[in-house]
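Take a look at these structures.
Here come two complexes built around chain A, the first alongside chain B, the second alongside chain C.
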Partner chain A sequence: MATPAKAPVRPSQANGKDAWVGKRLKRKEDPRLIRGISHYTDDFKLAGMVYCAFARSPHAHADIKSINTDSAKGTPGVIAVFTAQDTTSIGPVPCAIQMPGLKVPRHPVLAEGRVRYVGEPVAVVVAEDLYVARDAAEKIEVDYEPLPVVTDMEKALSNHTAYVHDEFKSNQAFTHTLKNGDVDAAFKKADKIAKQRMINQRLCPLAMEPRAVIAEYLPGENRLTVWSSTQIPHLLKTQISLLVGLPETSVRVIAPEVGGGFGSKLNVYSEEGVVPWLSMKIGRPVKWNENRRENFMATIHGRDTINDVELALKKDGTILGMRSRILADMGAYHQLLTPLIPQLTALMHAGCYKIPAIEVDIIGVFTNKMSTDAYRGAGRPEATYNVERMMDIAARELGMDPAQFRLKNFPKSKEFPYTTITGLTYDSAKYQESLAKALKLSGYDGLRKRQKSARKNGKYYGVGVSTYVEICAIGPSAATPAGGWESATVRIEPTGKVTLLTGASPHGQGEETTFAQLIADELGLDPDDINVVHGDTAVVPYGLGTYGSRATAVGGTAAYMATQKLKNKMATLAAHLLECKPKDVTFGRRCLSTKTGKKKSLSFGEVVTAAYTAHKIPPGFEPGLEATHFFEPSNFTFPFGAHIASVEVDSETGEVKIDKYVAVDDCGNVINPMLVAGQIHGGLAQGIGQAMWEELIYNEDGQLVTGTLMDYTMPKAHFFPEFVLEHTVTPSPVNPMGVKGVGEAGTIASTPCIVNAVCDALSPLGIRHIDMPLKPERVWRAIRHADSAPAKAESEESPKKQTRKAPAGRRRA
Partner chain B sequence: MEPRLLLVHFLREKAGLTGTHIGCETSLCGACTVLMDDRAVKSCTVLAVQADGRQVTTVEGLASGEQLHPIQEGFWEEHGLQCGFCTPGMIMCSHDLLGHNSNPSDGEIREALNGNICRCTGYQNIVTAVKNAARKMSKPIAAHAGAR
Partner chain C sequence: MIPTNFDYESPHTLSEALDLLASREDAKVLAGGHSLLPAMKLRLAQPAVLVDIGRIGGLSYIKEFADGIAIGATTTHAEVAASEALLRNSPLLALAAAQIGDRQVRNRGTIGGSLAQAHPAADYPAAVLALDAEVVAHSRSGERVIPATQFFTGMFSTALRSDEILTEVRIPRTTGEGVTYKKFHHPASGYAVVGIAVRLKFSASNIDSASVGITGVADVAYRATAVEIALRGKPVSAIAEAAVRAANGVDVIGDYFASAEYRRHLVTVMTRRALDEAIAGRRK
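Moving on to the complex of A and B:
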């Protein structure tokens, strides 16, 4: 086998100027999806399949005195009912994070004697029919003795509190400090210190397809097959083998069509242990579908942090230092990555600015709620929110324009790779260019003029800026809990068609198309010649899955590298047939050719046939055409961009109308611009959703009061304006394709952008900050509160004509 | 047939038509939208017995053989879907809209889809997809003979 080539710098496309990479190509996966003939987990129906349903705790914290399953068991059609005493052989729900002092409570698959959050599974019913299973689950009688409930993080850390886990005698899950530079000195010599307390509220990832699991155990073969709506089929396979105690070689996980994940399916859940175990116990295939209420209660949540942030500033707008104290709500148990997420927040706390000294102190707190974990952005939106809100607050305190303040504190393009005070090395960036483009695209000066005239007319118009950097392409293995590489196998079949097996596990991102574009260009073929296979652990080599905006930068690079190995092998064979040297063979459109050989060219198919018939191969040449590459990235990638929003706030109703939203993003080289735009659009909707509407609220009793689609304001089509997108292209040096990742950018940038705009609009009222979500009631209250405060002479920007008395001094809302 | 059987469960479990998805079972997400006598209904809040004698069209019934319906083409061409789970409902709801408004504005499309939730696309390309379909459908029928 030929040795792998040193990866050439793109473009090296055999398709030349007709390259597929960079084209707005329609997705290969769409025909089956738009016809409704593809298969999500719930669409499979196996012979003899039965259904299960879980009985879940209605209490946030209670002892289970007794469970009576007689009535459920007696329901016609019910096959079996199990509680924790039956499932002791199933391993606990895993947490992959290890760190000094981390408290990891035992997390049983069914509650053992005590429940710790509303929705915790207590028992499971198996029945011939879904309706019967659900009916019977409701007939399970559990005698609960309620215990004091912990929901407020600050109270949870006080001396007078109940404990979520008695054995720890504390609700503190961990502490983590990231400190570098002389922070105390920075604050001592500061001309001005800007401080703000900000709540990053709890969110529901809300993938449109709820979770679903089917398990089929064949005892004769000792083979367990699990279909699960997951982002990580291979990691799940390993964990299921540990959960149910089967050798990993006996377990196969299939992630068929997956209807969105956003991090919520980057996990290993109780049900993924229980359903396979049920199939082993009962000897029939078992299906479980999560309903939407369960999805709200018992699929991981995102965010939920309290942040006290301070910036030390010089009068001229130089940032001297930053200090943050963050309380992060873990919920009752750790899911797979729960304690990791706030650490990502700490890492990204310098944003895209030169900050010479920083201290971030994080306390992870147990409460009687569902676990938090990775939700689109996973720790980086929280960091960006803290940084970008503070940039606006600081600019206002210094009397500077927020865009100019940012420009002053960016590292310059020539300073890259740039090492941050938090210890990261940003790969490549042009922050100035990005912001300049966004300012121009938004007509920033015009927006400011409009604001001025609006204020003269007693209207509240605001402009928000957000310049972000995110950490993507996760990542170098040393910096991740379970490795950060990705695998790919490329196989050119005897007919010349190509199969790519990728360890990435897309669930809407479109890699069946983008990876096909990439390989087609390398081999001089068309995307339709390439079949991208993913999500089946029996077919695809071990891979780590799709999350952290990694699929293209890590998984795509693995595919690219495997293809290079095959190209070298084909070049060796072609050189033998053309009687020239391998280095003189070039790939063209469906051909391999040379200028030096006796024969000048062979068709792609002729070389493939030669590799398989092996009639005329060079000595030592291994027949066949298949290559595998496990790509280990040398660094993360750091996409960046600048977003600008303008909003109108109705001071009578508190309603916020987004007037304009402009996003300039840089994700390095672009493989399919249409798909990149789609990722940005979706990210924007989620980020703006957090800023404006979305919030999971637990009341004092630990009841999830916004746990239905009726109560949780999931954004709809008419909530949004048309987004205006532009790009800059700064290739990453971390991988040969120069790609960075784009899955989370929109979510990360847009949340502070909108809040900055609203606070800018209301600044004449002395309103400096309003916590999210900026629902009309909350904005209205802030305006009323500001109104009732004693008026003070305001700057020249103050509205002169007002319908009501509005101006006020600078105060916190 | 069990009287409480929902239309969506009838379609998926009895008729084997799994293109209609279940996203919430509470009539709020729109993933299960189908046409009943040409009007969009959420099949998770219609009993199967209520559909007795009515004409029900699911996403599987839109294309004619290999010829996609113009709305399906619109979603494909404009990248109106990512994970695809909400897509059948979006397509069926758009079908209802274009049935009584052949040239809707962006705002009218966004309003018409307000019973259908998408978490992936931010809706922008869905709006573009519906406009694309409207253009195609307003052309002479010959252009899309198989797609009615």
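Moving on to the complex of A and C:
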């Protein structure tokens, strides 16, 4: 690992200028990852290992009349073939969410008599090699009788529909209302009401490494070890023990290198029940690798909501109230957190604005598609999209500049902690400062001038603003389905090297580096002295994993707290040896010293040795140097920021070119600015990806028609301009390090920013909204439609125009 | 995402390759593999045997000859794109090659492989059509020269016989002409949603003749003869009017990225822009 050029480093317990925290340190993880010498699940080969492959439904909805596995079984190299009738002892696939009225369908690990989405596993083949397994899976003959398919959420809720689950006699999975303040009154007294219907399309998380599972069951020891590409090794261990019926003490889960998750591996999947069961059944280690096609079809999807949003406004730009009706597509079954995601959308519906009255109504809908679940941002991007699009639409309706309109409705920084109308308490923020910085950095006035001159030349140039707030550091346990704390054990080894066992499960976030920076500062060591261990339930105390931008704020705080315990212990021992009071001991660079003792200083190593040899310890002192802390956060954290984008639209082809992108983010104190920038860059690419290109399309038959990388546009680096990044720093008061979290911010802020910019560019044509992704044809159609019925900005004044039929997508309040 | 079983042969001479092709059932020629292997992984193609011509010496070259330039079948897209000889004397093919797929594809994919695959949205077909190129094929019975305009017979189908290997492409020099390749990329696949190859000959202030090859729009690349006729002997101001005819009489394909209606519109816009660019290029 590279250390910074300026070598002399003193410990600094906080943020002195030589502290490790705050340095742009290269990641400790990178050399092994870049050189390809580390180990992902698929890199492990166990003695006697066999392979499995799943036969999956080609139908979105069908009855299984019969399954003939003879040909598959007869293939040389095939060991066994199993269908649902063999696997009744496994499962079902769990959903962790409980809420009143929630319908939770039985979710078998292999389809039982009926398939409900394309890609649903129907049978599994075990064979001596992967190729035989895949070939044999194709030979399984299933006699399907197709049933009517439900893909459209609105049709799914109508009276004339088939049901995804007959037993519910409805496709409604749940309803949820969040209401506060006098919403009706707000709308009654409004000078203007801005309304818009917006589609938040279905996305594929597309981790670079698809899912993979290896299971090895040793009957003599009654021990099951599962390697899985997961974000939640401990929760998975618990769930696997329930899925296959082994005591939890017999199950070990290892998450080796994990090639990205973005929420898609914050789950418990059918295959994670079946593969361990196969190993128990067959008595050999079993490996399963998901291919990219399966990853598209059978790993959770993100988003997929239909939103009708309205804002009640005063003429002067004051927001009086907000109403939102959201249909959220669950897919055919609930995965681990499926029904929770839209509830996060509801909670975040106030954005960073003072909204005195709000009502958010959500209906969860079953359809014949893969389940949705947490995808980078998980509910917050949907909320931010609704809110930030509406801010722009409202500003336009009122004839205000979108930045000024936002400034008017921000709570002031002295109002924090600020309790929103949705019941959250935002920890700390300076929204005005953030937006001011973004305006300055982007040269906002210059962009507006450029827009004016472009318009004069018949060109379409637009500027988009997005000021977001998100909810991170998930979270206070009472507000989470399975607890929101995190664990850490810090152990100083006899040689003075430090092992941190963290319950967080980094899979690209770089906490092997950032947590080492944190602890190095506390103990007066270098990050290279600290080895961060994670992802093995036999080694690391129970922890909840990495998701929801929580690892640093919750897991990092646990590590910090555990380190404090150790420091107290070391100070006690050092005081005993130095003959002073523990409170007079300070930590220096690889030493503990005092001004009051007979001896002034001990090296770090001397104190560590003393703790292990235990030759001279104070009475009651426990030998060794290990401490564990389970950190329970008192609140979430609420990072925020302001993004500004400018775009140019080719009015002939509908192509959008992003000209400039400026992001000012505030994630509290920063441990490693380079890693924060990396998170923002990746987040922006994913968020802009949704705005511009990404789209999982199921056709009316429930076939996934953009299910390959030839059809589904994963954004590439050259699609983007250089991102200009800046920060404000508003420390969070809810953890001692003042950190907030940054893993999802870019994804949350950037999607509406781009759509706002494009709609701003096209506003002279009267175009008010275009649904995502803003692919060229869609933009072209909007332009063409506007051309054929030229809209006027304030059509109320013109009686002639009022008689014109308002085209869809340009409805006026 | 894993192909079915297949045999693999790697001959070192063209005649060995031709023998294999003639003697083995359901054999396919493998060059750079960037069209065939993805199709095999999706099991859309399931050949019994692959005859890899990548190790045959003397099939990768760009040579000038009296009437033009000859390009060997296993010359990669990257080599075509960077060829001085082409950029100086007949840049259209190089301009098209530079816009194929991504860097990895251009480093592996070959001109012969791309033409023989005849993907309806590949870039080269438009260029070789506009250039009136000649495609050279070998079989055990000898050499055959096929005009590009007769080479593409349909989606993924060409005039090549199953015992033939495409060995060379011959194109004319285009000195003093206006040529360009204009492409609307599919953002996911990198293929052409619309690809327009233009070759304009000029006489004084007029367009003497125009050749326009179009890919991505129909199930096979085609020459936009209606555009060509509308431009013959006309001043450059005829471009906009001519471009409108780019998909005349063509059954335009539609997909989830670009409907037939949008593609039809796009082909007009892109043809006009390509013609503009070709004229501007000539004036330089």
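We adopt the following convention: the second predicted complex is superposed on the first by the 773 of 813 C-alpha atoms of A that agree within 3 Å, B and C clash if a C-alpha of one lies under 4 Å from a C-alpha of the other, contacts with A are read in each partner's own complex, and residues count from 1 in each chain.
By our rule, contacts are C-beta pairs under 8 Å (C-beta built on N, C-alpha and C of every residue); 3 or more make two chains touch, one makes a residue touch a chain.
Computed from a predicted model, the values in this text were never measured in an experiment.
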### Task
Tell me which partner A:Gly510 touches in the superposition: chain B (first), chain C (second), both or neither.
first
### Query
Which of the two partners, first being chain B and second being chain C, lies in contact with A:Glu777: first, second, both, or neither?
second
### Query
Taking the superposition as given, does A:Phe723 touch the first partner, chain B, the second, chain C, both, or neither?
first
### Message
Touch test for A:Ile697: chain B only (first), chain C only (second), both, or neither?
### Response
second
### Message
Taking the superposition on A as described, I'd like to know which of chain B and chain C A:Asp135 touches: first, second, both or neither.
### Response
second
### Task
Using the touch definition from the top, say if A:Arg448 reaches chain B (first), chain C (second), both or neither.
neither
### Query
Which of the two partners, first being chain B and second being chain C, lies in contact with A:Gly259: first, second, both, or neither?
first
### Summary
Per residue count on chain A, the busier partner among chain B and chain C is B
### Query
With the two structures laid over each other on chain A, which partner does A:Asn291 touch: chain B (first), chain C (second), both, or neither?
both
### Summary
Footprint intersection on chain A (chain B / chain C) at 130-131, 291-292, 708-710, 714, 716
### Query
Once bound in the complex, which stretches of chain C touch chain A?
1-2, 4-5, 38, 42, 102, 184, 187-189, 256-259, 262, 265-266, 269-270
#### Entry: chain B residues within the chain A interface of the complex
2, 4, 9, 12-13, 17-26, 28-29, 31, 58-60, 62-63, 68, 72, 75-77, 79, 81-88, 91, 106-107, 109-111, 113-114, 116-127
### Residue ranges of chain A touching chain C (in the complex, touch as defined)
130-131, 134-135, 291-293, 652-653, 693, 697, 705-706, 708-716, 719, 775-777, 780-781
### Query
For chain A, which residues are in contact with chain B within the complex?
26-27, 29-31, 33-40, 42-43, 45, 130-131, 206-210, 257-260, 262, 289, 291-292, 507-510, 674-675, 677-678, 680-686, 708-710, 714, 716-718, 720, 722-723, 746
